Amino acid sequence: MIIVMKPGAARADIERVVERVHKAGLQTHLSAGEDRTVIGVIGHNPYSVKDAFTHDASVADVIRITKPYKLSGREFRPRDTIVELPFGIRIGGGGVAVMAGPCSVENEAMLIETANAVRDAGGHILRGGAFKPRTSPYAFQGLGRAGLAHLARAREVTGLPVITEVMTPSEVECVSDAADVVQIGARNMQNFDLLREVGRQPKPVMLKRGLSSTIEEWLLSAEYILAQGNYNVLLCERGIRTFDTATRNTLDIAAVPLLRELTHLPIVVDPSHATGKWSLVAATARAAVAAGADAVMVEVHPRPDEALSDGPQSLTPANFAALVPQLAAVAEAVGRRLLPPVAAPATATAS
Amino acid sequence: MIIVMKPGAARADIERVVERVHKAGLQTHLSAGEDRTVIGVIGHNPYSVKDAFTHDASVADVIRITKPYKLSGREFRPRDTIVELPFGIRIGGGGVAVMAGPCSVENEAMLIETANAVRDAGGHILRGGAFKPRTSPYAFQGLGRAGLAHLARAREVTGLPVITEVMTPSEVECVSDAADVVQIGARNMQNFDLLREVGRQPKPVMLKRGLSSTIEEWLLSAEYILAQGNYNVLLCERGIRTFDTATRNTLDIAAVPLLRELTHLPIVVDPSHATGKWSLVAATARAAVAAGADAVMVEVHPRPDEALSDGPQSLTPANFAALVPQLAAVAEAVGRRLLPPVAAPATATAS
Amino acid sequence: MIIVMKPGAARADIERVVERVHKAGLQTHLSAGEDRTVIGVIGHNPYSVKDAFTHDASVADVIRITKPYKLSGREFRPRDTIVELPFGIRIGGGGVAVMAGPCSVENEAMLIETANAVRDAGGHILRGGAFKPRTSPYAFQGLGRAGLAHLARAREVTGLPVITEVMTPSEVECVSDAADVVQIGARNMQNFDLLREVGRQPKPVMLKRGLSSTIEEWLLSAEYILAQGNYNVLLCERGIRTFDTATRNTLDIAAVPLLRELTHLPIVVDPSHATGKWSLVAATARAAVAAGADAVMVEVHPRPDEALSDGPQSLTPANFAALVPQLAAVAEAVGRRLLPPVAAPATATAS
Amino acid sequence: MIIVMKPGAARADIERVVERVHKAGLQTHLSAGEDRTVIGVIGHNPYSVKDAFTHDASVADVIRITKPYKLSGREFRPRDTIVELPFGIRIGGGGVAVMAGPCSVENEAMLIETANAVRDAGGHILRGGAFKPRTSPYAFQGLGRAGLAHLARAREVTGLPVITEVMTPSEVECVSDAADVVQIGARNMQNFDLLREVGRQPKPVMLKRGLSSTIEEWLLSAEYILAQGNYNVLLCERGIRTFDTATRNTLDIAAVPLLRELTHLPIVVDPSHATGKWSLVAATARAAVAAGADAVMVEVHPRPDEALSDGPQSLTPANFAALVPQLAAVAEAVGRRLLPPVAAPATATAS
């Protein structure tokens, strides 16, 4: 950490600052420049005095020079994390996975219809929301535990692992029982009690980026989960909020290679929420794979115009079936490979 | 709701759209313009078909024309809500209240020292966080229930009602027992399970605006609380996230008069979190009162350089004591009046 | 255009509004809903009365339903524009072009060294700034007209057409003489006098998106150029400003497919300015091609650590040579093809 | 400037960096921390090597520690600048001035009608645009030189100094001749050729903040003007672009006290453009004065519903007359005072 004194700070001012740092058990290193002195702070936790000088009129600035996340950062853990799911699916490490399914679980029949279409087209993981965070209290709020049961049935019938969202700590246990991947939605990225709770359960967690979260805040939220002992965390870029309302959000595509530098965790991109418009999903999904994403997640609904949520951004099964080979082609163009298709379970032949 | 057809949409396209609307039990009203037709949708809940045409290539746009919040909106409830607190304090209806105190409750002694300073300077409500949402898992996380006990003691000693934050549904009951106003922080503005829970407890709720929430999303979050039967909701503008990092957040001062038009709920401004810098707090607090806020909330700490959180934005008791008469002067300049000082309780004379 | 009356607007209010519309030579179409009336405005230019009701207390909202750009919009001109450059280079229509070169022209030798490297690696168009918009008056401001002469020489030696920026109307003529494509930088996207001036000269124009410009504002700025008779306009997405400072700007990748829907003009992406960090350029350039861009523009400098501007985001010639085949592979994966390499001119064999 | 090495940088890496710095004529100061070394760079212009290490894999970061603006910064020029206008009007130094008038000059009669109303209500400076930057080429573009003549006439008749915008370098001379203050609009804040040109003419300049400009970029744009010798620069905050579209822009009220700390230049606030809605102008104008602005600028139009531009944000003369005493009261509440009213010229009694 660096403390920058104002030009013209007196010797006594500098000594006062140095003394305060020493009092906290830290060491200092002075450097006198042309018109100002900077004080390096050295020791185990220099940030314990980071805010100690904001009321000191002789201090111009205090500058942090190390990253505040340790477990999720690549600096101290250089090798890529690979998240292993049932049915031999691995996220990270070079393959590209496709997650797909409806925004909300609406009933068992539509879920299984969609899941079969996803698997037949080459998708690897079934998504579907049982607990739904909705901006308006008057909107469809999801089926809750009944939705989890439908997901379990669709998993059994189709052989696809499932990912579904948890919204509150008291439901972590039941979601964790039903899901292969537990999702934390964008609105809950800084719901710290919830992060701690999913850090204590055994299933992998997909952490969506908050609507207006910096990369650093996102990695610190991952850190909450890792610090509880759960290292199987996927990071999902799903668009950020900007001044531009032509799309629902703005897909921060550069976050993909940037995260690759900063963290060892696998990276997922959700072009459906990022764009909010189904006609833009294919192009941005291809872009995500070209940029190096380990997985993409897209919304698919058999009849988007009747969907209870997010119809405007849902692909039809036919659109989705057209997209998968495009993603495979782009993956190969960048030296990667789509994961192999999931086999239908023996007992599901009649479905 | 208005459905805008593309230029050149055929008669059959229009008929298909109209039929779909009628199927949902709604009526239509056609209007043929120079180069396109628009279809008005009339009926009880036109939004049930809002997303039904996003995959229809002949439809250009679907436009909403009513506001989605009912209980919090002024359209259907024109009179200002006034929130009554103990000790005769009323927020809304023309007076201006001042909430002040430390970011975090650190221990009983510092809390009572601060609370006395707040009351003596003319503050009306004591703030202090027991449960603290922190970006990093390595930062001080608050004292939890012990902090609530300190707040109860400070309330008793100083005669100030207290406001404190709740972060998760399982702690709503204990926070509600201890607090006069329950605060929902910015990061939890769309934690819908938590909103429902505070909607079911009896104390007033202060709902902070999310970091990047639109005014409409904010009022819809308030709607979650009101829909549970709790109508005592305060809205607190605390700065939004923008490209500008010169201040911690950007105080959206125009939100004050805009909310006044849109809602009957009282409006609070928090210049400490909005600016993140103590030297900017006084000017922006004065601006808030000039713009018509019903209350301001500022952070005060006896020794900001030793604060466990938010020291950089905390006023000293001396700064705060200088600010209160400024707020009183501005309030009078705009035809309002600071609430009268709170009397020290008889038993607290020794404090 | 639609005028939405407030709930409870009286018959006289509605009549007053209708009369005002008729006075402007427009027709109206009333539609009475459950709790409010909406008035459709029909005629040649309904926007002439768009702002006429903002002080009318009985009007809730006025909603536009057509797009304000005509010449640049796809609605009235469905076929893709193809911009033809010298040496047989065509932008738009299915091929993918690569523009590359230094941020600034620093001297003739470095420019020709870079240009040769660009051509030899498979780049098609040489970029280089002679007039440089710099945030600080103390930064290198470009070589001006001398830089244009260096560009002319590099063009002759390498056989690459050149693109360079113009900053002010009085320099349009000299830039137009020297350049094959005249660039309008992001900061000048709404410099309307400059837009009109480049609309009157014969060379194609590449219009960069402003730092915080909406898609609609961008297309309206293109409209300024087209309205002067110059239809050869390229739109260049170069990152927008958001709260996120981890990258220099945020590359709005979804703008590529969105523009494809809205306009017939060719689309260029500049990943160098969008990210500001050379190590992120390759991944985002690949993403741009995967999303359907007609061209990418990247900064290349032989010795980025000595560059007078934008060194941090410049590729070395070796980085660039590694990127081109990646772009070719992604282009083929999405059914397109990189333009063929440019042949060295006969007279340049000694270079 | 500080160069931060990566953890584990080898001795040879550090020596290479140090050598590169010395080669540029600068000195270094090493400080070895727990897990990384930081290198202080000392000398006249350390920023000459700021970008020299972005391709060096052993360097983590390069951190600037001084402000890049000198002439506009308070560090080297602590005393407030006061801008003197004709008729004894001074901006800065404790008084509060009010600028008002129509968005565009539409014709002489309406301008004089408005100007008289402005003066009679207590306004000090007449605003009015002759050259108008408009997003659409199809919108009213201003009267140009004829508008300047109307302004000159209004100035003569009412005794108010005038402020008007210049859009392009070739028109600086004629605008400078007609205006008492030359305005640079938000879209031209980084039109550097124009900034240099107004820096060379004698009239004070009001520099509006760009739509998405940081405070630092704004002060660097002011620096372009000051560097040409014109020190009479006013900074006008007029709202920034954020995700929030409930108001036209977001008024950054905290910029007022922040600028007061950073610069000696006078500060103006334009609540009309900041909010875009006339009903929000009075509250935000009061807030601006409460926050310490040296002047406010508001749009006034005798018949806003017939205005050729910005009618929605224009006050009527009656609204404006009601606002001025409110601003006077707030100014006094914060220890300042509205400038005295401007006397009508002797020859204008008949107006």
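For reference, chains read A, B, C and D in written order, and residue numbers begin at 1 within each chain.
One rule holds for everything that comes next: contacts are C-beta pairs under 8 Å (C-beta built on N, C-alpha and C of every residue); 3 or more make two chains touch, one makes a residue touch a chain.
What you see is a predicted model, and the numbers here were worked out from it, not measured in a lab.
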item	value
Between chain C and chain D, the fewest steps along chains that touch one another	1
Comparison of B-D and B-C (more C-beta pairs in contact)	B-D
Far-end chain from chain C, centres as C-alpha averages	B
Computed distance of Cα centres, chain B from chain A, in Å	27
Distance between chain centroids, defined by C-alpha means - chain B, chain D (Å)	31
Whole-Å gap separating chain B and chain C, where each centre is the average of the chain's CA atoms	40
Multi-chain contact residues (two or more partners), chain C	212, 241-243, 245, 277
Residue ranges of chain A in contact with chain C within the complex	212, 214-216, 240, 242-247, 250-258, 260-261, 271, 274-275, 277, 279-280, 282-284, 286-292, 326, 329-330, 332-334
Residues on chain B engaged by chain A in the complex (per definition of touch)	20, 51-56, 68-69, 133-138, 167-170, 187-188, 190-194, 211-212, 217, 220-221, 223-224, 227, 241, 277-278, 304-307, 310-312, 316
Chain B to chain C touching residues, read off their complex	2, 4, 6-7, 29, 31, 33-36, 38, 40, 42-44, 60-61, 63, 65-66, 75, 212, 241-243, 245
